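Next come two complexes, and both contain chain A; in the first it sits with chain B, in the second with chain C.
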Partner chain A sequence: MGLRWYHFVLWAAFIGGMFMLPEFASKGTLRTIIFANFLAIFAISWDVLSGRTGYISFGHPFLIGIGAYTTAILTKRFDVPVEYSIPIAVVVTMIGGLIVLLPALRIKGSYFALVTLAYMELMYQLVQVIRPDLTGGTRGISGLTTLTRGAVNGYYMSVSLMLIIALAMWLLMRTRVGTALSAIGMNEESVRGSGLSPTRLKFFAFLTSAFIAGLGGAFYVHYLGSIAPRALFEINFAFTIIVAALIGGASTIIGPIVGAFFLTFLLEFLRPILPGAERYFVYGGVALFLYMYQPKGLYEIFMRGWAKLRGTRT
Partner chain B sequence: MTQILIQGLLLSGLYALIAMGFTLIFSVGRVLNLAYGAYLMVGGYIYFYVAQTLGMPKIAGVLLAAVVGCAMGLLKYRLIVRPMKGDHVAIEISTLILAVVLQAGIVLVFGDSSKILLPIVPGVIQVAGASVTYNILAATLASWAILIGLYMFVRKTHVGRAMQAVSMDKKGAAISGVDPDSVNMITWGISGTLGAIAGVFFASYTQLSPSMWVAPLIIAVAVVIVGGIGSIVGTLIVAHIIGFMEIISVAWIAPELRGVFTMLLIIGVLIIRPQGLFGREEL
Partner chain C sequence: MSYPLQIRNLVKRFGGLVATNDVTFEIEQGQSVGIIGPNGAGKTTIFSQIMGEIRQTSGTIKLYGEDIGALSTSDRIRRGVSRTYQVPRPFSDMSVVENIRVGLMPDSIWQMVIRSPNRDREIELALSVGFAETDLQRTPSELSMGDLRKLEMARTMATNPTVMLLDEVFAGLTVGEIAQIAALIQQMRKDGMTFLIVSHDLKALEPLVDTAIAINQGGIIAQGQFGDVMANETVRSSYLGTA
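Here is the complex of A and B:
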């Protein structure tokens, strides 16, 4: 896996720093960071599927929504305890991941991106129509069990979840499977030529992505305590996830996390100036500019700066 | 039955107009322009501002919307699509970001609430028991006129044939003395104009709201995917399939499910017949 001493130091510093944060930050800042943590989880999930394999998904909220709705319906309508409903939600989301995999076996590129967009819109319309007694129709479900009380506990829960997922994905991507996944994004035919099965690798990538999305979605809904279709299956939400991963740096682990924190704080910073949806004007403008300037994201900008600082010794 | 036939024909005409600009870009530039829905939105809002807020003649509103749409198409090609040099994923993502930026821009200028557009041509006529507004009738007639004009333009004029050539084979067209860059430029301009005009009619059919760009984008996407070839006739046929499906599902099944069948059609066609119902060269 090629682990070096500085990997351990950097991870320890990162984890330690995140856990020390409640000592310094105010409650309001912590609430913002909680959202950034969840966005980071979703961005990592998107990155496993799209950043690595190159199958761009525009409908990632479809997967997150399946996880969130499953646990919401189970706990609220059938009184299933949270300990059981979250694992069930994750499994159901993985089945949803297989539905997304189905078209990816035959089509790629733009067509795949479009079919995921269609999935999301389909889900949005179906949730409101089919069995509104279960899903709550347009208004959604509120008054769900929340796992934690207060900003500090919520912070610890979300940050632990995010760090566990990030570390697990980081280790996974350093194995040969991770390399093979990135190879699919570069050239699927040569992966086949190397004697590996792209179908199996895609199967693995989609299931992993769905697993993270389901886990993140389920915990997110039990943090918020409510769920509504318009907030979830929205193109702005899909856009935020994709942009977080791309701005930070696709195909890395720290990239989506950095992107998620950058965007969440940018949005929070704009709140006093522009209160409503207008914030997306500045936010999208910044995202568009950064993406046009460096499609590989902040990670690449930072790495180039670092290489320049160290001179040509590398 | 007659009612479904009439309603279906009218709606399909509108959908053909919506999808046309999108297919045009797709067939000539081989790029999916996800900000296409935003052209419609901007066109609708400009018409609203000129004709309803300023109270100027309606035709001035439509013309200004068309001019701004054309300018938006040209600017987007210059500033975003050309620097990306044919990287499809990058173009799709940046056009999606642009669409969100434009949506937020509309909220900034016109506010979050949806607005009702007065009919462009007021009045209602009774045809075989179905009440048909002059407004949608005008939209359908305009749509047919524009489609026939576009068909003639692509077939008969020099520029139109150059567009066909680039859509068939970019390198071959370049060797024959056609500049693919300027042809692309013209196509983006036409696409923007068509989008903005379609937006005026679409807005008068539904209503103006900052999130109105998603629905026409989905319709345009469905037409491209189901039709596949990006030809004008193919677009027309698929627009009728989708339009009639929607009207029939509203009349016989349930009004809430009107969009569901379009979505199912997209997914079904992509999984079962990825090359589209009428064939597609690549893929």
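Here is the complex of A and C:
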């Protein structure tokens, strides 16, 4: 795996710092960080699928939505306890991941991206018209069981979930699986020509991505206590996930976290200045600027600085 | 007798175009066979069919007596046949050793996770094709065409083949690089590797092969000793442009 002592030091410092944050940060800031944590989870999930394998998904909320709606329906309509509904939601989302995988066996590039966008739109329409007595139709479902009360507890829940996912994915991606998934993104034919099955690798990537999306989606609704299709299956939400991963640094684990925090705080910073949708115009411009001048993201800037500090090359 | 590679009545049609027309040949253990022919003759199409990248319309492909016609590319590679490509296909953001690492990987997610990369073997393969230790962390964008071909060879060798298909292995190389690759092939021949080599560089190809097959319009037009094939009148008129 090539683990070094400073990896443990950095992770320990990161985890320690995150857990000490409620001592210093206001409740308002903690609430902002909670959203950043969930966005980081979704961005990591997107990155496992798209950042690594190069199969760009424009409809990641499709998977998040499956997890979110499954647990919401199970708890609200069938009185299933949360400790059962969340694992069930994750399994159902993984089945959804297989649905996303199907087109990836035959198409790639912009065609695949469009199909995933269609999945999201389809899901949006379905939850509104199919059995609205279960899904809540256009209004969604409110009054869901919440896992925590108050900003501090919500923060600890979201940061724990985010850190567990991030650390697990970081360890997994440092194995040869991470190298093989990245290889698919660079040249799928050469992966096949190296004696590996791209289908098996994609299957793994899509299921892992769906697992994280399902887990994140399920915890997210049980943090919010409600679910609304218009907010979930919205193109802005889909692009925010993608932009977080890209400007942070695709094909990394820290990158999507950095990107998620950067974007969430940027939007919060802009809120008093531009309270309307104009905020997204500014954040789009910032993302475009960063992406044009540093396509490998903020993580690359950090790594270059680190390499310069150590006097080595990346 | 089971040949490392035996091809019988191979036919590949793309609509009305016959890309491979009733091709039959076999290669003995440790033998090196050259395939020559004009551009578009169907040489690479034969390679692609052997590797399962495209499926033949009819005919059989046997590896050590086993019909591999229905197997996937990765299954064929695991059975011992591997190829290089006319245009090298490296993993662009990976270093030389990481490129080789992909070729050394087991086709099992679980094994990939629990077992560490064999770094000694990665370095050994890189050095064996002529990379210097200082090249190991370089990425493909920093490599010359000769280095890219060496990398392609190393990654192919990493799959542990017993039969290697080399496609235009000398294209775009300098005289020095050709000599380096040729020496590597000769060494591997001594070690018992079976080769099927496509090349337009006949001068470089001649000392590397035991026999040659000339192909035109998908079909074999001559087969035998390299000199005899070169002297064949049909080969001279269709490929060499002399009669």
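Quick note on the criterion: the second predicted complex is superposed on the first by the 304 of 314 C-alpha atoms of A that agree within 3 Å, B and C clash if a C-alpha of one lies under 4 Å from a C-alpha of the other, contacts with A are read in each partner's own complex, and residues count from 1 in each chain.
Operating definition for what follows: contacts are C-beta pairs under 8 Å (C-beta built on N, C-alpha and C of every residue); 3 or more make two chains touch, one makes a residue touch a chain.
Since the model is a prediction, treat every value here as computed from it, not as a measurement.
Enquirer: Return fit or clash for chain B versus chain C, each positioned on chain A through the superposition.
Expert: fit
Enquirer: Just checking: does A:V191 make contact with chain B only, chain C only, both, or neither of them? Give me first, second, both or neither.
Expert: In the superposition, A:V191 contacts chain C only.
Enquirer: Just to be sure I read the superposition right, which of the two partners does A:R176 touch: chain B = first, chain C = second, or both, or neither?
Expert: The second partner, chain C, only.
Enquirer: Check the contacts made with chain A and report whether chain B or chain C touches more of its residues.
Expert: Looking at chain A, the partner in contact with more of its residues is B.
Enquirer: A:P22 in the overlay: touching chain B, chain C, both, or neither? Say first, second, both or neither.
Expert: In the superposition, A:P22 touches no partner, neither chain B nor chain C.
Enquirer: Examine A:R200 and indicate which partner it touches, taking first as chain B and second as chain C; both and neither are also allowed.
Expert: second
Enquirer: If we overlay the two complexes on their shared chain A, which of chain B and chain C does A:R106 touch? Say first, second, both or neither.
Expert: Once the two structures are laid over each other on A, A:R106 reaches chain B alone.
Enquirer: Classify the contacts of A:P256 with the two partner chains as first (chain B alone), second (chain C alone), both, or neither.
Expert: neither
Enquirer: Rounded to a multiple of 10, tell me what angle the C-alpha centres of chain B and chain C make at the one for chain A, in degrees.
Expert: Angle at the centre of chain A: 80 degrees.
Enquirer: After superposing the two complexes, find the smallest distance in angstrom between C-alpha atoms of chain B and C-alpha atoms of chain C.
Expert: 14
Enquirer: Residues of chain A that sit at the chain B interface in one complex and at the chain C interface in the other, please.
Expert: On chain A, the chain B and chain C contacts do not overlap at all.
Enquirer: Going by the contact rule set out above, which residues of chain C touch chain A in the complex?
Expert: Contact set of chain C toward chain A: 51, 53, 72-74, 77-78, 82-83, 85, 89-94, 98, 101-103, 105, 107, 109, 112-113, 115-117, 137, 155-156, 158-159.
Enquirer: Please give the residue numbers of chain A that touch chain B in the complex, ascending.
Expert: Its residues touching chain B are 54, 56, 58, 102-103, 106-107, 109-111, 113-115, 117-119, 121-122, 125-126, 128-129, 235-236, 239, 242-243, 246, 274, 276-281, 283-285, 287-288, 291-292, 295.
Enquirer: If you look only at chain A, which of its residues touch chain C in the complex?
Expert: 1, 172, 175-177, 179-180, 182-183, 186-187, 189-197, 200-201, 204, 313
Enquirer: Show which residues of chain B lie in contact with chain A when the two form their complex.
Expert: 32, 80, 83, 88-90, 92-94, 96-98, 100-101, 103-105, 107-108, 112, 210, 214, 218, 221-222, 225, 254, 256-257, 259-260, 263-264, 266-267, 270-271, 274, 283
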